[in-house]
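In what follows, structures are represented as structure tokens.
In the two complexes that follow, subunit A is the common piece, with subunit B as its partner first and subunit C second.
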Partner chain A sequence: MRIVFKTDYMQDIRPWKDGFQLSLYLILLAIAVAAPYLLDIFYLGELTNVLIWAIAGLGLMVLTGHTGQASLGHAAFLAIGCYSNVILIEQGVPFIIAFPLAGLLTGVIGATIAIPALRLHGIYLAIFTLALSILMDDVIVLSEPITGGVAGKYIAGVDLLGLTIDRWGTPILFYWLTLAITVIVTLGYINLLRTSLGRSFIAVRDSEVSAQAMGVDIAKTKTVSFGLSCMVTGWAGALMGLYSGAFNNETFSVVISIQLLMMIVIGGLGSIHGAFFGAVVIGFLPQFLSIAKENVSAVFGGGSVAIPGLEFGIFGMILILFILFEPMGLYGRWLKIRTFFELFPFYRKDMFKRQKSYLKTERLR
Partner chain B sequence: MENLQLLISGLANGCVYGLIALGFVLIYKATEAVNFAQGDFMMLGAFVTIGLTNTEYMGLPFMVALPISIGLMALLGYLLDRFVIRQMFGESQVAVVILTISLGFVIRFVAGLIWGHNPQTLQNPLAGKDLNFGGLVLGMEDVAVIIVTVLLTTVLFAFFNRTKLGLAMQASSQNQLAAYYMGIPVKRVQGFIWALAGAVACIAGILFAAKGAVDPNTGLLGIKAFAAAVIGGFGSLPGALMGGLIVGVIEPFASRYIAAGYSQVAPYALLLAVLVFRPHGLFSQVRVKKV
Partner chain C sequence: MSLLEIENVTLKFGGLTAVDDLSFSVEEGEVFAIVGPNGAGKSTVFNLISRFYDPYAGSIRFDGHDLLQVKPSGVAAYGVARTFQNIELFEHATVLQNLLVGRHRHRKTNVLSEIFFTPSARRQEIENREKVEEVIDFLDLQAYRDKMIAGLPYGVRKVVEVARALSTDPKLLLLDEPASGLSVEETTDMRWWIDDIRRQMGITVLMVEHDMGLVSGVSDRVLAMADGAKLAMGTPAEVQSHPDVIEAYLGHAA
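== the complex of A and B ==
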């Protein structure tokens, strides 16, 4: 077991615990940068997809994991980010300006929507955002002159500092772009959690009443959280648009919203790691299933029978098992395993046991 | 006349929404959890009944199949509570929401495996019969839907407000710990309410399948019923029915009088408006939280 010997108060708020932890993450980053030379093009594309999902997961994590506001409508913000990015580029705005602008725009729209949504909490907010996500589909169809409606929009590649970045033409450059954005967003997230704003997010999540008593402006905190969350989600949406190359009103359906929320639950709510773990599960599950199905049909015959809804059925079952047996998600499981080895003979079974709680109504006092 | 016709068909549709919403509200009222899989329960109930009655499956007489399928769905509701939902006892609402959404995925998958993905209708004795009131044509199914819904809502309303068990359910949702102290078997009460919700979902499913076709994705109708429950105010049984009727009536009128493309937006736009201006529904039960 490593014991960090603290000699300075700054050590408590440093983003990393000690040099060992920092070097582990630097090695991870180096491997990620070198990935194009280690993987073939297909898996590189899948990895890019995972990173994009991770960015979207980080966006939702701010809101759901750290501020405690469940949103079932983040696909709407993915759509806003994606469409505004492409529309700006079509208007001749260079990518390097259009991309941040798309995120900012999504953030502003998100914060504006948050103002009426502030009066809602818990389940009502989830419903509000769910309705938003359903409406987004129709809004895109109705504003056809701008969005292209059902026919959708296409984007081939973008120019960044003289380089053409294209999902199919230059997948390696596209991967590095995604990786750079992921790293920037993650660093920003880590820093956010060290600021008073980030701490007030967590205070609001744990108890609104106590946060208010401690002088946290709940309305402002929630609005800012919503805005930041939507901004990051907007960036993820813009990248998704570039990744898929073509999209229309059905690309960002309610199902994507639900998938996004489930992803961060599987990964582990309230941790940055969780967004990445969840993205890996979401990104590789379809591939894993199709490979598994091939193997099964090779053994039992039957050829490649398409079972509609299989992916979602399996996904639902995984999620049910997680919520029942590992509510802290993959990251929680990892923490337990790590603690087991760090404390080796002294780990006890109920070290991470949750405190028993009893539910009280939100209706009536 | 045309408007009246629209109104009647809207009311019949609204009753189905109202019945699903009733299932939401039952569970919410008694356990403070929201069952996002209620729409899928309804779909499953419809398919179980189809499996029992339709000639290409088991071909039982309609009146025999009816209680069996309602009983089966009630049993399923109870078992789900016993083995899945009860593990979540005292956990946050959002965790339960995610759990029930994924349950819905699983139910849809299983139903698709068993009954396939083609739309099917329920063969029932009322099919194809009409009532004619001086030019106003009513399908017998529509009439049956309206009658059953009103009856069911009245009975459930009386049950919650008049009987000891109903009061125990309300008490156990308002404060689990205090309910324990009062000697209420909170867990058993929860199991009972899930069984009841399963039965109500099955009735809704039967009515829906008698009126039109069901396929595994019909469960997504639950979202519309959800809007209904919220518009009426979660936690109020008459509110749920009212919300269902409002959504049901708005739909045909919107598609008749508003330009195509805008009409399907109407229920959700109404939902957003209600949430913004009356956040806890028309029949609100929420008070400000004080310390």
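== the complex of A and C ==
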């Protein structure tokens, strides 16, 4: 185990533990930047997809992982981000303005929707947001003149600083754009977590009563969390639109909402790493499954039988296994493995066992 | 003028009168204890001060402000901090993070400066840590500062809750049964800490406590309650020997 002696407050405030950890993350970033030279175009596209899901995951993580408000409706905000980005571009707004604006708009809409949702807890909030997601489909169909309705919308490439960025034409540029946005969002998230606002999110998540007693305004904090969460989700939605090139009312269905929530649960709630781990699982699961299927049919014959909903079913099964055996998600598993190696051979099996949790002041709820 | 003035406060839960026309005031710099049998309404008094409930009648004033005019989150802003009988820590955060939440009332930055971690956000973080480290030193929590609450033993949690309340830099500290569930040694520590909180930090303490040893050891004045109403008030010795108080406790035991 590396023990860091702290001699300065900044050592505690800065996001990395020591030079070693910082260099690991810088190497990871360097590899990510160099990825177009390391991967073929197909896998670069897949990686881009993973990053977009990671951004969406970061968005939902703010709300669900850190503020403790479950949302089964975030596909609605993906849709708002996607549509507003494309509609703004169609109106002649340059991408460099349209894109941030799309996120901001989604954030404002999200914060507004949060106001009636403030009184709802747990399962009721989940149902409310689920309804939002279902409603979004109809809203898109009904506002056909703006959204293109069932026929949907298309977007080829966008212009950014004189470059054409297009998922098919210039996949490397599109990847770098996505990577840059991922890095910016992640840095903002890290900063959030080491300052008052992020800590007040955690406070609201873990105990509303004592958060209030510490001077945290619950309603305001939840509204800001909704706003930030939806803003980032809106950006992910805008990128998804550019990535797929075509979308309609069914692109951002309830299934996507559920998938997004499952993703951050599997990745590990309440951590930035969790959003990335979850995105890797969701991004590569289809590939993994198709390879597995080929092998299975190679052994047992029977050709390639298409089983509808297989992916989703397997995803659900993984989720159930995680909730049962590893509630802290992949990130929790990773922490355990790391601790095992750091402390080797002193690791104890019950090191991460929870102590008995003490009675909470339920009466005040 | 007293620091905290509670006048004719009544609170009913349905048919149950949890606090019944209660009046008392806490002077600046004293340690004031509330005692009484289970269900007497002691914690409810704290929750009224924290504005979790609106009283049915009466007034609560703190340091010249009418507390009934503010939201629950506004109470801390005036300098009132508290602990909870059942421990309400932020379970999935470290001790340090818990204490830093206590600094929330001093927040001067906003969403933007925090997300971009501007120099002002950095300055504020350093300020927060200076205060929090002081509290960590004071309550001997160095060994736990980076530990998750979820893994801490009960006795340490109790201390962390006091630490979190102190991190807010309060004028008045409300302690709801600070010694319940603590061992004899831990209770002795708590006794000296409460003394130091009053003497060194100059913080007024209002506490609810069943341990009469602790109560008579640290408090200047004691209020005895039963069924939401005042039974007796005075020095610890006066209250302990008051016939109504003896009656209330024995009556409960029988």
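Keep in mind that, in the parts below, the second predicted complex is superposed on the first by the 354 of 365 C-alpha atoms of A that agree within 3 Å, B and C clash if a C-alpha of one lies under 4 Å from a C-alpha of the other, contacts with A are read in each partner's own complex, and residues count from 1 in each chain.
Just so we're on the same page, contacts are C-beta pairs under 8 Å (C-beta built on N, C-alpha and C of every residue); 3 or more make two chains touch, one makes a residue touch a chain.
As the structure is a computational prediction, the values presented were derived from the model and not from experiment.
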| item | value |
| --- | --- |
| Which of subunit B and subunit C A:D138 touches, first, second, both or neither | first |
| Partner chain(s) touched by A:G316 [first = subunit B, second = subunit C, both, neither] | first |
| Contacts of A:I27 with subunit B and subunit C, given as first, second, both or neither | neither |
| Larger contact residue set on subunit A - subunit B or subunit C | B |
| Touched partner set for A:G188, first subunit B, second subunit C, both or neither | second |
| Which of subunit B and subunit C A:F128 touches, first, second, both or neither | first |
| Partner chain(s) touched by A:V209 [first = subunit B, second = subunit C, both, neither] | both |
| First (subunit B), second (subunit C), both or neither touched by A:M262 | first |
| Subunit B versus subunit C as contact partner of A:R119, first or second or both or neither | first |
| Doubly contacted residues of subunit A, that is, touched by subunit B and again by subunit C | 209, 213, 357-361, 364 |
| Interfacial residue positions of subunit B with respect to subunit A in the complex | 32, 34, 84, 87-88, 90-91, 93-95, 97-99, 101-106, 108-110, 112-113, 117, 173-177, 180, 216, 223, 226-227, 230, 234-235, 261-262, 264-265, 268-269, 271-272, 275-276, 279-280, 285-287, 289-291 |
| Subunit A residues within the subunit B interface of the complex | 64, 70, 116-117, 119-120, 122-124, 126-128, 130-132, 134-135, 138, 141-142, 209, 213, 254, 258, 261-262, 265, 307-310, 312-313, 315-317, 319-320, 323-324, 327, 356-365 |
| Subunit A-touching residues of subunit C, taken from the complex the two chains share | 47, 50, 52, 71-77, 81-82, 84-93, 96-97, 100-105, 107, 109, 111, 114-117, 121-122, 124-126, 129-130, 150-154, 157, 164, 168 |
| Of subunit A, residues touching subunit C in the complex | 9-10, 12-13, 188, 191-192, 194-200, 202-203, 205-207, 209-218, 224, 228, 270, 354-355, 357-361, 364 |
